[in-house]
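The two complexes that follow have chain A in common; it is paired with chain B in the first and with chain C in the second.
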Partner chain A sequence: MNAKNCFYVLELAPDASAADIERQGRKLLGMLELGIERSARYACPVGEFARDATTVREALARLRDPKARLREATLARALTGDKRPGDDDPDAPLRDGFLVGGFRGL
Partner chain B sequence: MYGGLPVILFVLVGIFIQSRRKRRSAIGFATSWRARVWLLLVVSSAVGSLLAVAAGQGWDGWLWAIGFATPGVLLVTAAPLLRAAARLGRPKLVYVLAQAWMVFPRSGETQAGATLWAALAIAHRGGATAEERAWLRSRLSRETRPLGAFGCACALLRLLDARAARDEGRAGDAEDATTHARALLGTVTYAAPNAVHSTVRRLTHELLALLHASRGQWPGIATMPDLDVPASVVALRAYVHERLREASTSPRTMRALRRARSPALDALFARKPPTPTIPTAEALARGRATFVAMSRHEPVGINAQMSMLWAFDVLMTPEFPDTAIPVEAREDAELVAAMQDDVANAMVPLLAPNPPPIGALRRFGPVSARVYQKLESLLLNELSRMASGVRERAKETWRYDAAREWTDASMSRIAFRRIEQTFGTAAAAQVWPEYGHVYCKLGVLFAETRPRRRPLAHAVFESLRQDAQRFGDEAHAAQNTRNTLVTSGVE
Partner chain C sequence: MSAEQFLGIDLGTTNSVAVLLGGDRATPVRTADGGALLPSVVRFDGRGKVAVGARARRFLDEDPDNTRSEFKRLMGSGRRLAFPAAKLEKTPEELSALVLSTLRTNAERALGFAPDAAVVTVPALFELPQTRATSEAARLAGFSRVEHLQEPVASALTAGWNRGEDAAPWLVYDLGGGTFDVSLLETREGVLRVVDHDGDNFLGGRDMDSRLLDHVLGKLAEVHGRAFSRSDPAFTAALRRLRIACEDAKIDLAAGDDASVSLPDPIRVDGDEYEVDVPLRLKELDALVTPIVDRTVDICLRLLERQGLSPAGVARVVLVGGPTVMPVLRTRLHERLAIALALDVDPMTAVAEGAARFASERGLAARVAAAPAATAKGDTAAVRSVKAWLQYPSVSGDLFPFVVGRVEPRSIDKVRFEREDGAFRSTDETIGEDGSFVVQLELVARATTTFRLVASRAGEAVPVEPAAVTLRHGISLGDPLLSRTIGIALADGTVAVYFERGAPLPSRKTFRLRTSFTAHPGQQSSAISVPVVQGEAEFARLCRLVGRIDIRSEMLSAPLAAGSPVDVVLELDRGGRLTGTAHVPDQGVTFPGVLVLATPDATVDELREQVGRVRANVELLYADPSIAELGQKKLSAIDERLLDVDGELEAAAGGDLDALEKLRRLLIDMDARVGEVEALRTWPALESEALRVVSWAVHWVSRAGSDMERRTLEEAMRSLERARAVKSVSDYGKRLRTIERLGDAVVVRDEDGLRRLFDEATTRMGEMRDPRAGRQHVEEGRRALAANDTAGARKALYAAWKLLPPPEEVRAKAHGSGVER
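Our next item is the complex of A and B:
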């Protein structure tokens, strides 16, 4: 699941160093322990999701393996893009297509 | 004028006897007390107006005749009038009017009909609350004759659910609900003509067309029948036929566009034709953007999905100069394969609800080949699970409430359709014998065990009949033709 990418969970860039990862992980675990509200959620290109101490520990453990870190970083980089997927393409979906029929609630 | 009354009575009795003779019960007057009252009121109105014209003199007679005829006309034209009233966005009012007007006397779907119009009013108004959706569900569950209006109402409810889930940020749930709605609307299109009021059929096609357009599933609009549909749907269909296939706009389309008066449709027709070639960097950026959009459960067109697969084939090839694979990993074939697998694993769940025609790809790369293989496993497993479930259900004759059975029948068909959509007709033909046998069992279960739901069974058999004809399976086509005849009534 893309949203569970370890770099997203830790809110780090895919090129973060091992030291940065450890520091961020400890910081988040501390914040979660203290019950700081903003640490319980994280935002990523896919959306906003809940986070707890277990997910942070899992992400930390996975990123300690260099090969797994490379894999996670590659996947995280793949999910970056500031473009929209061509709204002007002739066969692009008609956003708010139901409004064409006057259906404001669909 | 004196001859009018016997003619009306003769025609009504003729229809009744004819329907009985065919054992189809084209009109469901025999079972529904509301329908009998409806018939009585219409006949009384007609008789009253004729007598008023006969007995009265001058303007008085005509005024009395119009007075008598008005309730009859309102009763006969209730469905189109309610469709128009629903646009006002007053669900409770429309619900009460629908109950009072006894819509759908032929099918006798009094609860489902009223609920459908109420749901439609909410859909036009916008912002269905959880309480309103619960209210609609409770009203719909009272229906004892779940026919076309019932199926359409279930679909509309799922679309309202989808909108609510989207507003609450539950994109995955919204996608599921939309898939259910699309499948349910598809089932209504297979239902017998007697089981679906013409207004409901038009509404079903309208909703399906708008749903296809909003999801970028343009081929679905191209194959829709040329029914009497609103101008917006005419314009959408013309867009597919003229813009995506040829490149001209006919006067009929222009008239439909003017009638629809929609800025979204104008923007659609203003889209530029595709450029034959785009720079590689641009194509890769679009591929990444499509991946991000799909991960957010945003609708994406079929071409964009196919381009995304191509882009990631390129990006995940270590030999490509701008590859996404890090330098330190490029020499490690095992690690590269694991990364390609990761990307494919991330894509498959996003593609599965509405898979692209990946079987049409001419060349496969490291990602598209993996996606193909994983999609094949996933979709065939889904079909196998459906087949096992139906076999067990048929053996034990398990029956559920009407809403669940409509959804089950619809989603079972979708499991097969996805395979055809993804891998083509040849792949679908391979799984057809098993699917045809199992889905037929489901139809027989609905038709022959209590509570009998023959209109739903008819939709199952009709879809099987059409598929059997496409695949050249004469035996199944003949068998399902017989089945559709047996289940074409609404009783």
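Our next item is the complex of A and C:
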């Protein structure tokens, strides 16, 4: 489960080009700056989540690094189709938290 | 071409430079004597009259007591510098403000108005107090809006501006008066990216001068038959004169093989006079300077190695900073790196020019307009009928960027953009329900392009403002990256990392932490401290304390029990300025602001003692058989740095405040390095722990983990093995904790696992802050487990676990932190 996968945050396919990534990131930052509501949330295979300028900038910075991009793309592909556990699963936040934080340290 | 002007300032240790950018043309701002460089020197005479720049520099020799230079290295230190003739004391920020104010006045002459906004550069490895001090200096100089940019990024922007894309990455080698930075950059699809950077906050042209000065002092000792010590306060004034003479000789040697360090009048020491005329040959200077150049090359190689590159994989090196004009430096770089030098960038103005380009990209015009201008990013404009807020990059590496907009009132239904050359017209975009629209443009390659904004309602044209936007196709800069990790020191001695090194700025993070002890209202001693630290070390004590948020007792309405949640928010702006708050949700109180601390003060004697302790520690470590070959290598590096420490100690004892500050920072660095070597002693224990943790995590993950958790564990174990191979204690520890956390996440989903954890909690009941509450939680958890309520059991387990306090000695080493995860 990794709702914060950079491709999910930017709503792009894992094979998006570097130019697509930059363009989409800039567009989202502009929309967030203008307070356009639909930019403040994103849908991905594991649910719908909040998005802000920090998340977008981090996703952009991460995808500019070829190694990190490869990892994100692999994960995005691997996770597509995974279901988000129901609200009754109290471990979901823990696992999400682990994966988001954990992969940074790997 | 835009008529707007953008101001970039390189506030340097030795010299400062301002550059104005109008359209694509960058022009250095001329100083009073017609040059581009303003010496960062300030003098106050007996009547309190101030002189800045070249006029002040002349007095470094004649009136050294009332003339100050190199105060940039003291920024954020909280020191006050005396000007006895005027009976004044000034902080380094105030002196920097005078330099900035002079540059602002010079820019005003060129612009016809006093600039309100500028981008002021800071060294990449500047810490938060220093960056904050630079902001303060700019404010004092009269700038109402200032952004900061890291020096290597600024010079990279200049270097990359007029070039196409390189297939290979390139280096920016920036050797300033007091700092060395090297950045690895690449340009891809129009975006300039700082891949990585490295540097030494203690290495600069001044160190070359110091070596030359020591050489000259040695020669003088031979001639006059007495020792001239840098630690002798009676010699301070003479030293200043000698430093200038050394600098002059160095400049002479750029054009010839022979020069001399000479003074027109003899120097006076203890009432005696000594003539100064020391011949100096280029070869001697080269020999003195080469070890410093070699240290910079080692740092370049370290950076490349970290990125898995060899020098052959680098396209070119861009040189920035005054010392890089020295022929020996260029020859040595070529010998050791064999990378082509890019000679089309002026090493003296590159940083300021990059700052001006960044100001342009950010839409930070020198004149802050009362009404926003039509060409700036983030335009807003009001008209009688329709106003539009637009967001677009003023400089774009992408030929097809988006413009995002919002109109108010929503009295139009379509918008489009038409390029002024008539060769492009966007699609007609329908205005959304919320008044927003997104339009894609097509720029002219490597040129500035203006597009008309055309709005309509039911096919009828409607005037809209801004009526046009201007975008430039060129290298654009990704977000500036944070150069040092920032986090909160936790009571268990570790660090909760908020922003990792390399994180894009600006950024904002919130973490929920918990108080580690109970605080009572009104009791001063029970204030809970949230220390903010900066550095790469795993343990808080090895990181630099840069701020603190205090949860003050007098603000509490009731006792705040141990384990209460505290939401700590840290926010970094684009220039690395930090603010933060701590919110206590149980009581609805927010504690605002992060006090960025001045660097702690220390006397020369205290620092001398500290040096002694470091040296003794190093000796012990050399003799320790458990420090294997790797430790010996690290110790040799520390030994080398100790030589610098000795030199700075001597200078500090002679009254050199700059040396004192450098010494203090060197010692923090040494402490961290010694800590790393000491940590190797714990290697065997770490290996045993690894055995325990890995087998435990493997057991639970294979028994109860998901496929993904298994894959994650495999990857984590590979990382652990890599850290083991290079015996990196901190990396090994971090990887081990990752594995432990993974095991933690899985074990609490398993009934057997929970049962075992309750057993362990029972054995540690005596250590708990409230053993009675601990017992209750354990019993409650066991009951929940018996009723197959694993969620309830987990909740009880976490509650019991939180009652285990970190030992007091650990907390003391964590800058007195009163919070934990």
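What we mean here is this: the second predicted complex is superposed on the first by the 79 of 106 C-alpha atoms of A that agree within 3 Å, B and C clash if a C-alpha of one lies under 4 Å from a C-alpha of the other, contacts with A are read in each partner's own complex, and residues count from 1 in each chain.
Please note the rule applied: contacts are C-beta pairs under 8 Å (C-beta built on N, C-alpha and C of every residue); 3 or more make two chains touch, one makes a residue touch a chain.
A quick note: this is a predicted structure, and the numbers were derived from the prediction, not measured.
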Touched partner set for A:3, first chain B, second chain C, both or neither: first
Contacts of A:46 with chain B and chain C, given as first, second, both or neither: first
First (chain B), second (chain C), both or neither touched by A:18: second
Which superposed partner A:74 touches (first chain B, second chain C, both, neither): first
Footprint overlap on chain A, comparing chain B with chain C: 1, 78-79, 82, 90-91, 94-95, 98-99, 102-106
Residues of chain A touching chain C in the complex: 1, 17-19, 22-23, 26-27, 29-31, 33-38, 52-54, 57-58, 60-61, 64-65, 78-79, 82, 90-91, 94-95, 98-99, 102-106
Footprint of chain A on chain B - complex, ascending: 87, 122-128, 159-160, 162-163, 169, 171, 206-207, 210-211, 213-216, 218, 230, 232-233, 236, 243-244, 260, 262, 264-265, 268, 271-274, 285-286, 288-293, 295-296, 299-304, 308, 312, 315, 324-326, 328-329, 335, 338-339, 342-343, 346, 349
Residue numbers on chain C that touch chain A, as the complex places them: 188-191, 193, 195, 378, 389, 391-393, 396-398, 400-406, 434, 436, 438, 478-479, 481, 500, 502-504, 506-509, 708-709, 711-712, 715-716, 719, 734-735, 738, 741-742, 745, 748-749, 791, 794-795
Residues of chain A defined as touching chain B within the complex: 1-3, 45-48, 67, 70-71, 73-75, 77-86, 88-106
